[in-house]
Amino acid sequence: MTFGQLPYDMAHVLGGGMLLVSFVLLYQRRTAALVNALALQGTLLAAAAVWQGYVQGAPQLYVTGMIALAAKGIAIPVFLHRLMRRRMPDRAIEPARGIGLSMLGGVMLVALAILVVLPVTTGAQALARENLAIALSIVLLGMLTMLTRRSALGQVAGLMTLENGLVLAAVGVTGMPLVIELSTAGLVLVIIVIAGFFARLLQERFDSLDTDMLHPHRGEGP
Amino acid sequence: MLTLLGLAFLALLVLAVLGGTGRAPRIAFLGCAVAMGAMGLVGASALLGGEVPPTPLPFGPPWAPALVAVDALSAWFLLILALVGVPASLFAAASSPPPRAEGAAFPLFLAGMAAALVAADGFSMLLGFEVMSLASWGLIAARHPRGPGRRTAGLYLGFALFSGLCLIAGFALLAPAGLGFAAIRATPPEGWQAGAVLVFVLLGAGSKAGLVPFHVWLPRAHPAAATPVSALMSGAMVKVALYVMLRMLLDLAGPAQPLWWGLPLVAVGGATALLGALRANLEQDIKAALACSTLENMGLMAVGLGLALLFRGADLRPLAALALAAVLLHALNHAGFKALLFLCAGAVVGLAGSRDPDRLGGLIHRMPWVAGCAMFGAASAAALPPFSGFASEWLLLQSLIQGFRVAEMSVQLVAAAALAVTGMAVGLAAAAMVRFVGLVFLGRPRTPMAAGAQDATGLMRASLLIPAVASALLAVLAAPMLSLAGGAIQVLLGPNARPAVAGFDLALGELGTRYAPWAVAGLLALAVTILVFAVRRRSKLEAVHAPAWDCGFMAPPPHLPFGDPLSQVSAAGLGQPIRRSLGGVALVIHERHGAAAPGSAQPATLRVTAEDRGVAQLLRPLARARRRLSREAEGLRNLTLRAYLGIAFGTLLGLLSLVAWLERG
Amino acid sequence: MLQAFGSLITQLLHVALILAVAPVLVGVVRWLKARLMGRRGPHLLQPWRDILKLLRKRPVMAETASVVSQATPYLALGATALAAALIPSFAQGMLLAPLADLVLIGGLLALARVCLALNGHDAGTPFGGMGAAREMTFAVFAEPALLVCVMVLAVLAGGSNLDAIAATLREGAVGLRISLLFAALSLIAVMLAENARIPVDNPATHLELTMVHEAMLLEASGRHLAVWEMQAALKLTLWFALLAAIFIPFGTAPAGGGPLAWGIGLALWIVKMGVLALGLAFFESAIAKMRVFRVPDFLGGALLLAVLAAALIFFSMGLA
């Protein structure tokens, strides 16, 4: 399989698209756009998983894709959007500095990932090698996002990117066991972090974790 | 030809004595111009086939006679030297008489550079190099008996000594069999010795060429000297350093050096190019800005040299020849346009009375010749087609683009990064040149002095026209010039190397990528002519002049006949976007905002101080270390006798073990 | 012989076409934007009418302006026209195709840019100088991005000749490549900056402090302004043609193909330009202009994207 053949090209473009979205996550400062980018990445991951399932003839990957689409493409972004709108109307822009520098670091990480993967995987299938390199890049970029972003949302974005990269690596390897379990476990982790984020948000706003404090604010429009 | 060469050297020595007496300075400088012309003639004839084989001189160091030779590489650089030396000498003859020390040091400086270029053994080359360094120090010190200029001279001397020491060490490693170049070539260094040679050459010649992190002296020292000397230092002296690098790394160290040799040069060159081009946009002194642009160009040449080493190591000879052609052609082009720009700046300083762009402006109305020459030089320096700088930078960019042909992934990534940095430096250089021309020659005069300046006349105008015409010829005839450099490329890469030339075009072998300067210049002229014709046929009304509309700014009061200087962009203001977006790369910038007290009518102030990272991170720590060392040395005076004995004994033991280690093989 | 004749004819037709189309393209983009905003929009030929009207007017120059103000418009337009003449539109293998090196095209655009900046400086007014400084700063990021994109394309085609690159990509053997997508995005960002479009600059602005391109032309009038307007229009057309030639190179006619093939190529080219114009109009309507000091971030992002494209293409080469 190489360039010019559809199975390869589609996987290549989907993985590359996820990589591009990871850079958008590093670059973007507007929180709404950040969440949209996360949704896009989740959707792309779902498409990549489904495509791999089709190419490898592995139906369990369809399940992985569906989980990714439902949770990362739709549910989590919708939840985050609502949270943003209701709880942080004044924080449309995240104070992130040194964007140029973090982008530069991101490109270096990708180069590093490529330089690591290329010699290690000699002899493997070209598609798997490339998939692995892109997945590793996405994982590293997720870590970088977590490092450079101060806000809780940035942390969530970084973690989700990281987890997306791991799932992408898993779906790309033919015959990998427990892919569904892995993606579910990752998802649970993300949800836990979001719950923590929510809790912290509450604390920031009301100096308490008591949800009863929220009741007087019910019905407060954006 | 050897006779002519000898006569030129002799003439320079006589002129040095004449200049030292202070009599007839004009004749002395005209004589220098003639001697430089002779050097150029020697170079040109050697390039056309009349090379001078290694010839022993009747004098020399005690162990062997000194050797001189003019092979194609030396000849090419002699041509570069002449291209700067002739107009610079003429300009000096047209200027007011200099101090006597300068009159003596100027011919010696020229002779030193020429000697370093024609030497065929390590000793003579180092001798010429040191004469060049010391004479140029004398030229700076002669103008600055005290004050900050004197400190600059001291800094320069320190760096010159450092580079001399490093080169001596480099030659010591290269020449176990003898200092003659032929003997060195016969026994190329291997293993750690080769690596050490690379390090010493990078430190020695690199610091002379102004490569990062040893660049701090260059933007200070070059503008501190008189204008013709600045032109020589920026146009020719750094090229001598480049020649030393080429000679030692590509020729003397042998063809069997590994691929990674190129990497430090590419990295350092890219950093130098970026930093120099950045600083050229931020300087508040036109000569310093031009010196920073020299840094940029030296960086580009170092990148090309590194690429040549990389390609040679990867066994891609044609591409190595391409990169080397870029280096050699750019060295020549840079000599032309930098000499032109410095002499124009000198004319501005002499005739309009300031180096500060905030005291100049609008000179194109009063000095059309100087302005025209400067704009021509600036267009070349900004690498705009079809001017001369573009041809060589095109070659360099092409060789960077072809970097993907090296099979190593890491080298490919380095090439891509270097391409990005180089492209940035080229863009910054264009911005710096627009800033230079815009501030000095366009717009409104900012002081009465600038409003009343006179144009350059007579000899001074001739000294500007020589490099301008040479640059114009180089622009159109880049390919034939480069085929002249074929011999130099063969000296460095072996007899099968060919420069990237096809007829009157620069071309990359069979790849079909080419640049035809004559065609581009012709088509551009054709297009502009047709346009002017077509537009003027429909639009016949002559233009009229009226007060600038200026978005409704108030008319200036009558006591400001040239308009309000505050309503014209300043040097700092022009550099502001670049300083804010990239300044931190090259400079440590401190901003102090001074807000006026509430109710006071004073304006708020913004004071920006910037310091080169090289000063902050290399010179300061060095100075601190020296102070600490001297404190420690002071402490030594209070030691007991036993401690003194102990130190002496320890030194002895150390020396003995060194001997044992050296003799073990 | 037929080949040589065809290459000459196509070259001449191409130059005539691109000069005639340039102001119309600006008109199309303006009209599309107006429609998207619910306005009726000016006539498609309005830019042409403006230029012809300006040509009839007497130029009024600032008292402080020099010969630079008179010479730079022609030089800039000449350089842009030469660059445009090198970029294929409906046919490939035109007379100047061997000269069509992407680095040279970048250089010619830089020449036009420097002319524009010098024109901004010439009258010695604050906005002109400010615009010039900003324009040159943006170019510092745009130029390397363009060069690295050229490297990506050169990896595929072997060299930086535009005709060779277009031929390689037309054959389709390179497949769908994410690095090409990255390079395309990067080039689009460069295109937006070079043509002073939103989000880098606003082509319709009348607020001096925020503008870049127009600020340098404040003192130009009469035929000088007409030439500058033409230059801007030609530059937009040139960039569209460049993007089309590289990323949608399908359907161009060979130079010796005869009138029918040329006609098909022309129709396809007009469709491509229309699609790009529509894309630009949508993008500009959907997005806001960014702060001037945010632009280096934007263009720096484009540069890094190009470097990323290069890294990925080296990687896929290493796989093969």
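Each chain carries a letter (A, B and C) given by its place in the written order, and its residues are counted from 1.
In this section, a residue touches a chain if its C-beta (ideal position, glycine included) is under 8 Å from a C-beta of that chain, and two chains touch if they have at least 3 such contacts.
These numbers come from a predicted model, not from an experiment.
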Chain contact topology (line, ring, star, complete or other): complete
Between A-B and B-C, the pair joined by more C-beta contacts: B-C
Inter-centroid spacing, chain C versus chain B (mean Cα positions, whole Å): 34
Whole-Å gap between the CA centroids of chain A and chain B: 49
Numbers and ranges of chain A residues touching at least 2 other chains: 111, 114, 118
For chain B, residues that touch 2 or more chains besides their own: 409, 413
Multi-chain contact residues (two or more partners), chain C: 296, 307, 311, 314-315, 318
Sites on chain A touched by chain C in the complex: 2-5, 8-10, 12-13, 15-17, 19-20, 23, 27, 99-100, 103-104, 106-107, 110-111, 114, 118, 126, 129-130, 133
Residue numbers on chain B that touch chain A, as the complex places them: 409-410, 413
Chain C to chain A touching residues, read off their complex: 172-179, 181-182, 185, 296-297, 300-301, 304-305, 307-308, 311-312, 314-316, 318-320
Residues of chain B defined as touching chain C within the complex: 361-362, 364-365, 379, 382-385, 390, 394, 397-398, 400-404, 409, 412-413, 415-417, 419-424, 426-428, 430-431, 433-435, 437-439, 442-444, 508, 511-516, 519-520, 523-524, 527-528, 531-532, 535-536, 538-539, 541-551, 553, 563, 567-569, 573-578, 580-582
Residue ranges of chain A touching chain B (in the complex, touch as defined): 111, 114-115, 118
